[in-house]
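Following this line, the structures themselves.
In what follows, subunit A forms one complex with subunit B and a second complex with subunit C.
== the complex of A and B ==
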């Protein structure tokens, strides 16, 4: 079970990242759950200052940009 | 429960129904105000979209792609030199975020993981107040003095507010988040000076294409005015060369994009706008299909345009409806405006600051609203007070700030902004 967290205060890019991540997880055919982290203080606890960010199993994979579908797939698989 | 989910649409439908039911169509004041809104929107479309906003979007897009937030943040880390930290945080707003949804996380990060409360507050204030698009449009529509006063005022302001916050709360040590800052590594693809030239050329195109006709017919300003399109063309040509040699766009694409614009410029020198538009279209076509950072540049610029233009159109229509064009009245009578914020009294300045602090201005909409207010008799001082207090603060963002640094500090911060905007407004109003 992969735990995917999307960090972001709710801007357009954050929603885009969530879409891409869910699509990536589905195409990989793995079990996953997605959580949206919107509260700033929680986002800070990950050490992320530039949203959106993608966290897989507690590890920050990317911050500050929306990666491509292929990149997200790799990040989830690692 | 049926109504638990459905009450929102019901409220909307009822509200809109009531507005139209009681719509005062036919009353001279209202009809006139609708015409004013349309005139104002047309004036913006004629004067400000092509030459001013379009290049400004390209600049904002370029900033988003080529200036990395992490390169700025390294001056704002926990071990940063304090003097540099204040300096960087007060000006970095101009080259970073355009909307507050990126400013707030950076603010929280500087506060909890980085240089601390003072620089964080300075950044929080300067971020939305001095972004490039806002300064450019202010100077263009409301006049150079207000544009410069806004930029300079905002930078000084943010340093003073940061220092005062730091002094008030210097005894208090917050528990730093024990997380490492995660910063995307900036990819260095070309030396800094090449980027600087690239930005300078774009700013040059923006400035000279918008060079307004001076009143005197002699002197330096007039000479620049009479050569403005030649200078703009030269800057555009240089930009094409920069894109060719340093940004890796292929030469035939540059050729295809610039030749139509150049030909039209030579055939119809009386209509520089057409040539300018063709050039912009050419640039859009080649960057949007280039891949890599050039495509990213276009998609960021396009993103800003999509995000800001609808808001600005809406803001212009509302401002026109309520306040009319300069010299004309909208729905609100001029006397109300000049009574509340006319002249340069302390009350006019205070009222403008408080109103600005709590009101929410979508990006750039403060400009048409202020234009309407000034046209109806608002003084220069209160106008600056509103510009300084307005975009940086709004009720929704106060709530977010409160969740990061607590109620007491937020109240102090808001009070500081209001008091200082009032004072600045009075000084500016006495000078101009």
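== the complex of A and C ==
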């Protein structure tokens, strides 16, 4: 089970990143769970200074931008 | 503090080395942060390859490194992860390692030069030396 976390306070880009990440996981056909992390202190615990950010199984894959669907697929599979 | 979805994110890194200039680099970065010039973050965490810090550096619009001396540990830490920062090196800006008192005046002078857009990193090599910057800033 892949654990996908979306870090961000809930803006449009954060929502877009969540949407793309869920689509990527579905297209990859993997089991996954998604958690939205909105609390700034928790976001800071990841060392993330800019959001939105994507975390897969505890590792921050990208911060400060919304990658493409194909890029997110690669990030989930790494 | 994490910056949500806004453009123009500037991250600040100090070498924070053991010598006097390392201490000044740290104080300069903190002062710039307090003045809202950028967000200070942890160079050690980048060196440790902690993913959140590495990805934040890669995602920032501007990364500024402040090194005490030409060893440029801060700049090299960023370059190691594929990020080219705007690099300021205090010895290139006229300060002498091992002979510089850590004073508020010096910290203020360095902050002013870094904040001055006419004193870009490529020009900072001539900054401060001999009391004149030569690049149009207040030095």
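One rule holds in what follows: the second predicted complex is superposed on the first by the 78 of 78 C-alpha atoms of A that agree within 3 Å, B and C clash if a C-alpha of one lies under 4 Å from a C-alpha of the other, contacts with A are read in each partner's own complex, and residues count from 1 in each chain.
FYI, a contact is a pair of C-beta atoms (placed from the backbone, for glycine too) under 8 Å apart; a residue touches a chain by one contact, two chains touch by 3 or more.
Quick caveat, the model's predicted, so the values are computed rather than measured.
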Q: Have a look at subunit B and subunit C on subunit A after the superposition and call it: clash or fit.
A: clash
Q: Using the superposition on chain A described above, determine whether A:17 touches subunit B (first), subunit C (second), both, or neither.
A: neither
(Q) Is A:39 touching anything from subunit B or subunit C once the two structures are fitted on A? First, second, both or neither. (A) first
Q.
One more residue to check, A:76. First (subunit B), second (subunit C), both or neither?
A. neither
Q: Using the superposition on chain A described above, determine whether A:4 touches subunit B (first), subunit C (second), both, or neither.
A: neither
Q: State whether A:25 touches subunit B only (first), subunit C only (second), both chains, or neither.
A: neither
Q. Of the stretches 3-11, 39-47, 147-155 or 183-191, which one in subunit B hits subunit C?
A. 183-191
Q. In the superposed arrangement, what residues of subunit A touch both subunit B and subunit C?
A. 9, 11-12, 40, 43-44, 46-51, 53, 60, 62-65
Q.
Show me the residue ranges of subunit C that touch subunit A in the complex, using the header's touch definition.
A. 1-5, 9, 11, 39, 41-42, 45, 50-56, 58-60
Q.
Which stretch or stretches of subunit A touch subunit B in the complex?
A. 9-12, 39-41, 43-51, 53, 60, 62-65
Q) Residues of subunit B touching subunit A in their complex? A) 69-70, 73, 99, 101-102, 104-106, 108-110, 112-113, 177, 179-184, 307, 400, 403-404
(Q) Which residues of subunit A touch subunit C once you look at their complex with the stated criterion? (A) 7-9, 11-14, 40, 43-44, 46-53, 59-65
